[in-house]
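Both of the next two complexes hold chain A, though its partner changes from chain B to chain C.
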Partner chain A sequence: MEPIKVLTANVDKPNSKSIEVYLEGGGYEAARKALQMKPEEIVQLVKDSELRGRGGAGFPTGNKWGFVPKNAPKPTYLLCNADEAEPGTFKDRVIIEKDPHLLLEGMIIAAYAIASNPMAYIYIRGEFHYGSTVLNKAIEEAQAKGFLGKNIFGSGFDFDITVHRGAGAYICGEETGLIESVEGHRGQPRVKPPFPAVVGVFGGPTVVQNVETLSCVPFIISKGPDWFKSFGTPKNTGPKLYCVSGRVKKPGVYEFPMGVNLKELIYDHCGGIVGDRKLKAVIPGGASAPMLKPDEIDLPLNFDAVMKAGSMLGSAGVIVLDETVCIVDAVWRLSKFFAHESCGQCTPCREGTNWMESILDRLERGEGRQQDADLLLDMADNIGGKSLCALGDAAIGPVISSVKKFRDEYLYHVTNKSCMPGTTRYRRLDMPVAAH
Partner chain B sequence: MAKVTIDGTEVEVQEGLNVIEAAKAADVHVPHFCYHPSLTVVGQCRMCLVEVEGMPKLQAGCSTTVKDGMKIHVYNDKVDKARKGQMEFLLINHPLDCPICDKAGECPLQDYSFNYGSVTSRYGEFKRTYPGMDRTPIGPHVVQNMNRCIHCTRCIRFTQEITGTSELAFFKRGASTEVGVFPDTPLDNWMSACVTDICPTGALTTREFRFENRVWNLDSAESVCNGCDVGCNIFIGHRNGQIFRYRPRVNPDVNDHWLCDFGRFSHERYDTDRVVVPKVRNEDDYFGISTWTEALDSIGKAVRATTSEKMAVIASANMTNEEAFLARKLFADRLGVKSIGVMVDAIGPIRMKARTEWLVGTQGAPNFRGVERVLGEGTSKRVDDLLTRGAEGIDVLFITDAAFSERAKDPAVVANLRKAKMLVVLSWDATHPLADSADVVLPSTIHAEKEGTYTNLQGRIQRIFQAFPPKGQTVTDLEIYRRIGAHLFPEAEEFTTADAADLFDDMRATIPAMKNAEEAAPAEAW
Partner chain C sequence: MADLHPDNPYAKDRFADPSKKVEFSPEAKKKFDWILTRYPTKEAALLPALHLAQEQWGWISPETVHYVSELLDLSPATVFGVVSFYNMYNQKPVGKYHLQVCTNLSCMVTRAYDIYEHLCEKLDLKPGETTPDGRFTVGEVECLGSCNTAPVVQVNNDYHENMSVEKIEQLLTNLK
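Showing the complex of A and B:
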C-alpha cells in the first residue's frame, strides 16, 4: 500500500500554515459548498462516508452529530479536542501546526451541521504553545477573509472559534474531562449519563471531535462520501494518519488509506528496526493499547482488525520496541505516566495505577516477588471496566498484555533480580518528570 | 412507575430513581461511599457497582437510573469480586488505625471492610501518607486526618452545594490527591461540622468530640435541638448522664441530614454546676440547701398569704408544650393568676436546609410558638414590663426557667425581678444569677432529661424523648408543677399524675390552636 497525501496534502508546501497557501489548494470551497446545503444533508453525507472518530474510540461521527437535540434551550457547542497527549501520538500536531485552516474549515462545516448558532472551542494542550499561536493566527486570517464571523459566505450563518489552552493534564483529553476544563473547573471526567451530546459545556449540547476527524470533513463535502470510502475497507474508511515512533529507522507521521498493514508499515515504509535488530513488541495505538508480539503484526491497521487481534487502534500511535528493550521497564514507564496522569477522583484508577506503578518499579529494582505477575493481572481485572472514565482501562492495556505475553521476562526479573541479558533499561534518571 | 427485579425480587419503583434508592424498596442494601441522597451524584467510589442484565460492564448504582423491566444483581459473584477489588484499593493506603479512630464503630469504611475486606493484605509497598496532614484543624470545629481519607468528595460537595461556601476542594491529582482548604480560608461556616457526619471515614472529626468517647459506649436518644426555633431533629449521644454530642436525625422536612454548629454544640451549656436540691431562703436570710417539703411549704405559705392579682408568672420558651399546659392549669386555672407571660430572645438568623426549602431560625429557644399558643398570644409584653419596670407590688413571682432569656443574667434585671416579695425560680444552672437571689430555687431539668413536644417555626409538633433520668433530687418540670399543685390543692384531680402523653392528649382536646397538632407532626417521629 502506497502512502497518500490527503490530510497531509499541504504540509510539505512552504508556509503551509498561511491562508494563501490553503486557498491555492482549493481551500474553504468545501465550507462554501456546505453552507449552501441543509444541515441534515451534511450529517447524512458524513454518515454515508462511514467516518469514524480518530481520537481513539472510533465512534461513527455522523451518528454523534445526529444525537444533538435540535432547538435546545442552551447554545450548542462544538469542541475540537486538540489535547493530544497520549504517548506515541503526534498526528494532530502536524495538522495544527502545518495546516490549521483544514481544521478550521472542518469545524465550520461541523458546526453548521449540528446547530444553527453554535459556539466553538479548540481545546489545545498547554504544551502546544506554538500550535496555539498558529491556530490563533489562522483564526485571525479566516476572520479577515470573512470565513469566520458574521454571515459566512452570505449564508446568514454566524460562527467563531476560540482557542482554549489546557494546563497540562492528559485527562483533559477525555471528553468530559475536557468539558470540565473548558468550563474552568479542575479537569476530571464527569459521570455519564447525561452524555455530552445532551448536557455538555455550560449545560449545552456538546459535540467533541478530534482534530483529525474534523479535518476529514471538508473532503467528504467536496469530493463526496464515495470518494472518501474508496480509502480503506467498509466500516473503516478514509485517509488515516499513523504516527510511528520507537526503534524504527524512519519514525514520523505517515498517511495511508485506513488499514495499512502494520508489518509493511514498520519494515517497508519506516525502514525497519534501528540497527536491524529483532522486533520485540509493537504497541499499535498509543500508550493505552495492549502490546502485539512480532508474530501478531501481520494485520491491517484499522479499528476492527486491531480490535480483533486483542488490541486497539486508538489514536494510531505505533510504538515499536526492539529486542534490546526491557519490557518491564517499558511497561513501568507507561504505568508511571498513567499513575501520574490519573485525576484521582475514582478509586480503582487513583489507587490501582499507583499500585501497579510501584510493583513494576519494584520488579525493576530487583525486589520482585513470585506472586507479582499474578497480582498485576488480578489487580488489572479490578481496574478494567470499573473506573469512572476510560483512563483506568487505558492504564491496564500495556500491563495485562505484557504480563500475558512476556511472562518469562517478568519471572526473570523476580528470580535474577535484573533485566534479561541483552535488554537494557531506558531510564533517563537525570530527567525528572516535569512538575505539572 | 417502573417494574425492576433486584436480586430476584420484583419491585415497583418510580422511574428515574437510581439503583441504590430503588434497591431500598426491595430491602437490598447497595454498599456505597460517595453517594449521598442530598448531594449530587459523582460515581467516584465505585463501591456501588452492580450488574445490570444486558450491559457488558458493571454499572455504578448511584448513576444508573432504573428503567422498566431492568434486572439488577446487587449480590452475585461478579459484583462481589469487583466490590472486593474496590475495597482492597481503598484500604491499601488507609492507615487502618480504627483502635484510635473516633469514627470506629459507626464508620462505613470499617463496616464494609468486614464484609468485603481481606484478612491478609496483598499490598507490599509503602503506604501513601500525607505528612503534616494527619491532625490538621481545618476550621474552628473540624480536624482533618488526610491519611484516613478515601476521596469520596462528600465534604467538598457539601460545602459547594449545601452551604455554598466552597471552602474545601481537591488539590493535586492521582494518588497524591488531597482534600484541603485554600490558604487563609478555614472551613468556617455555620454548618461546618456536618462534614464530619457525612464523612464515611475518620478523616474529618469534630474538635469537640475527638477522643471524648468511643461511640459504642454512647447511648442514643431521639430528641430535638433546643438551640433555636427550627427544631432540628437530633440524636443525643450520652453516657452516665452526660451529653457527649448531638448528631442530626434525618428529617427531610426540617433539617434533612444537617445540623448547624450552634445547635450541635449547644449542649456545652450544660457543662456547668447543676442545681440538684431545692434551696430555700429562711427568716434569717440564710439561703441554703433544703428539702422538697420545706420548699413546697414556703411556696404554699406565700401563695395562701396573697391574692391572685399580686402573683405573676414568667414562663419560658424552653418549656415543652405539656409543661406550659400544666403550668397554665396550675397558675391560670387554679390560682387565677392573670399575669402569665412568655418571651423569647432574638438570635441568628440561623439558616437550615430542609430537602425542599430553607428554614430561618430567629428565636433563641425551641418552643416560643407552642408556649404562646398554650398561654395565649401577646403575653411577652407582661414579661417585658416585669424586666424593665420591676416586680414592684408583686407578692409571689414564679420564674419557670431561670434561662428564659439572656437578659435575666443582667444584674439590673435581676434586681428588678428581686423587687417581688417572694421569688420562686426553677433552674438547672447553679451559677445563674437568678438562682442566687431567689427565695426558693427548685431544681429543674435540662431537655435531655424530660419528654414532651416542641412546636417549631413551621408549626410542626415534634416529640423529644428522655435520654437519662434527672440528677440528684431533681425531678422533671412536669413533676414540679404537679407537686406544687398537689400541695396547694390536695383534692384536685389534675395534680395526681403528670404524664406527658396524657397531658398532650388533654392539651389537644382543650386548646383550639393545638387541635391540628397531629397533622403537623411527622408520623415517624411519633
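Showing the complex of A and C:
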C-alpha cells in the first residue's frame, strides 16, 4: 500500500501553520459550504462516510452527533480532545503544530452540525506549550478573517474557540475526565450514564472529539462521503495517521488509507528493525493495547482486524520492540506509567496498578516468586471492568498479553534471577525512582 | 500549623504565611480578566489561572493557593486539591532549568535512562531536587508525545529531541 497525503497534505509546505498557506490550498471552503447546509444534512454526510473516532474507541462519529438531544435546557458544547498522552502516540501533534487551521475548520463544521454553544474548547495537554501557542495564533488569524466570531459566512452562526491547557494528567484524555478538567476540577472520570452527549461540560450536552477525527470532517464535506469511503474497507474508512516508534530505523508519522498492513508498515515503510535484528513484539495501538508476537503482525491496521487479533487499534501508536528488549522490563515501565496516571478514584485500579508495578519490579530485581506470573493474571482479572473508566482495562492489556505470550521470560527471571541472555534492561536498579 | 506533627514534611509548606502577600502583575491580571470572559463559570478559569501564577512565580506556593482561591471564590482546599492532582504544577520551587527526561517505553528503548541517570549523577540530584545554585532541577516524566524523536528531554517549556548523553552534556554547558 502506498502512503497518501490527505490529512498531511499541508504539513510539508513552508510556513504551513499560517492561514495564507491554508487558504491557498482551498482552506475554509468546506466550512463555507457546510454553513449553507442544514445541520441534519451534515450529520447525515458524516454518518454516510462511516468515519469512526480516531482517539481510540473507534465510535462512529455521525452517531455520536446524532445522540445530542434537540431543545436541551442547557447549551450544547463541542470539546476537542488534544490531550494526546497515550505512550507511543504523536499524530495529533503534527496537525496541531503544522496545520492548525484544518482542525479549526473541522471544529466550525462540527459545532454547526450539533448546534453548539458559541464557545468551544480545545483541551490540549499542558506539555504541548508550543502547540498551544500555534493554536492561539491560528484562532487569532481566523477571527481576523471572520471565520470565527459573529455571523460566520453570513449564516447567522456565532462561534469561537478557546484553547484550554491541561497540566499533565493522562486521565484527562478520558472523555469525562476531560470534562471535569475543563470545569476546573481534578480530572477524575464521572459515572456513566448520563453520557456526555446528554449531560457533559457545564451541565449541557457535550460532544468530545479527537483532533484527527475533527480534521477528517472538512474532507467529508468538500469531497463527499463516497470519496472518503474510497479509502479503506467498509466500516473502517478514511485516511489514517499511524505513529511508529521504538526500535525501527525510521520512526515517524505515516499516513495511509485505513488498514495498512502492519508487517509492511514496519519492514517496508519504516525500514525494518534497528541493526536488522529480529522482532520480538509489537504494541499496535498505544500503551494500552495488548502485544502482538511476530507471527501475528501480518494484518491490516484497522479497528476490526486488530480487535479480531486480540488487541486494539486504539490511537494507532505502533511501538516496536526488538529481540534485545527484556519484556518484563518493558511491561514494568508501562505498568509504572499506569500506576502513576491512575486518578485514585476506584480502588481496583489505584491499588492494582501499583501492585502490578511492584511485582514486575521485583521480578527484574531477581526477587520474583514462582507464582508471580499467575499472580499478575489474577490481579488483572480483579482490575479489568471494575473501575469507572477504561484506565484499569488499559493497564492490564500489556500485562495479560505479555504473561500469556512470553511466559518463558517471566519464569526465566524467577529461576535465574536475571534477564534472559541477549536481552537488555535499560535502567540501573540502584537509581532512585520518582514517587508517584 | 501548631497541631501538625513537627516531623510532617509538609508542616512548613502546607500553610500560607500571612506576612507574604502575592499578587498578579498588571499583565497577568489583564490576561486573567480575559480568561474569565471565556468560560461560563468562574471555577473553570482555575487551571489557566494556575498556569499564569506558575509563569509568574515558577511554582504554586501556599500563598498563591490562597490568592487564587480568593480570586475565584473557591476554598483553598479545592485549589490545593487541583494543584496536587496535576503533575505540571510545581508544589515547591524548581531551578531555572527544569530538566524532565521522558523514560516511557519508546524513549526507554532508545536509552533515555542513560540520560536520566547521567543527569542525576552529574548534578548529584535525586528526582525532584534542585542544585544548590538554583540552576537545575531533574525529574522523570511520562510520555511527552514525541516518540518519533525519542529520547526526549523537556527543559521548561521546550522539547529537546533525539537526545543522547553527549547532547545533554552539550546542553548543560549551554544553559547558563
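Just so it is clear, the second predicted complex is superposed on the first by the 424 of 436 C-alpha atoms of A that agree within 3 Å, B and C clash if a C-alpha of one lies under 4 Å from a C-alpha of the other, contacts with A are read in each partner's own complex, and residues count from 1 in each chain.
Note that a contact is a pair of C-beta atoms (placed from the backbone, for glycine too) under 8 Å apart; a residue touches a chain by one contact, two chains touch by 3 or more.
These figures come from a predicted structure and were not determined experimentally.
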Touched partner set for A:Asp304, first chain B, second chain C, both or neither: neither
Chain B versus chain C as contact partner of A:Arg333, first or second or both or neither: second
Residue contacts with chain A in the superposition, chain B compared against chain C: C
Partner chain(s) touched by A:Ala169 [first = chain B, second = chain C, both, neither]: both
Partner chain in contact with A:Pro87 - chain B first, chain C second, else both or neither: second
First, second, both or neither for A:Val182, with chain B first and chain C second: second
Touching partner for A:Glu29 - first (chain B), second (chain C), both, neither: neither
Chain B versus chain C as contact partner of A:Glu296, first or second or both or neither: neither
Which superposed partner A:Phe128 touches (first chain B, second chain C, both, neither): second
First (chain B), second (chain C), both or neither touched by A:Glu341: both
Common ground on chain A, meaning residues reached by chain C in one complex and by chain B in the other: 169, 186, 340-341, 343
Chain B to chain A touching residues, read off their complex: 41-47, 49, 56-58, 60, 63, 65, 81-82, 85-86, 88-90, 92-93, 122-125, 128, 150-151, 153, 169-170, 172-177
Complex contact set, residues of chain A against chain C: 84-90, 92-93, 119, 125-130, 162, 164-170, 181-187, 202, 243-247, 251-253, 283, 287, 317, 319, 321, 325, 330, 333-334, 337, 340-341, 343, 426-428, 431-434
Footprint of chain A on chain C - complex, ascending: 38-41, 43-48, 50-51, 72, 81-82, 85-89, 103-106, 108-114, 116-117, 120, 126-128, 139-150, 154, 157-159
Footprint of chain B on chain A - complex, ascending: 169, 171, 186, 188, 191-193, 339-348, 350-355, 358-359, 362, 369, 371, 375, 379, 381-383, 385-388
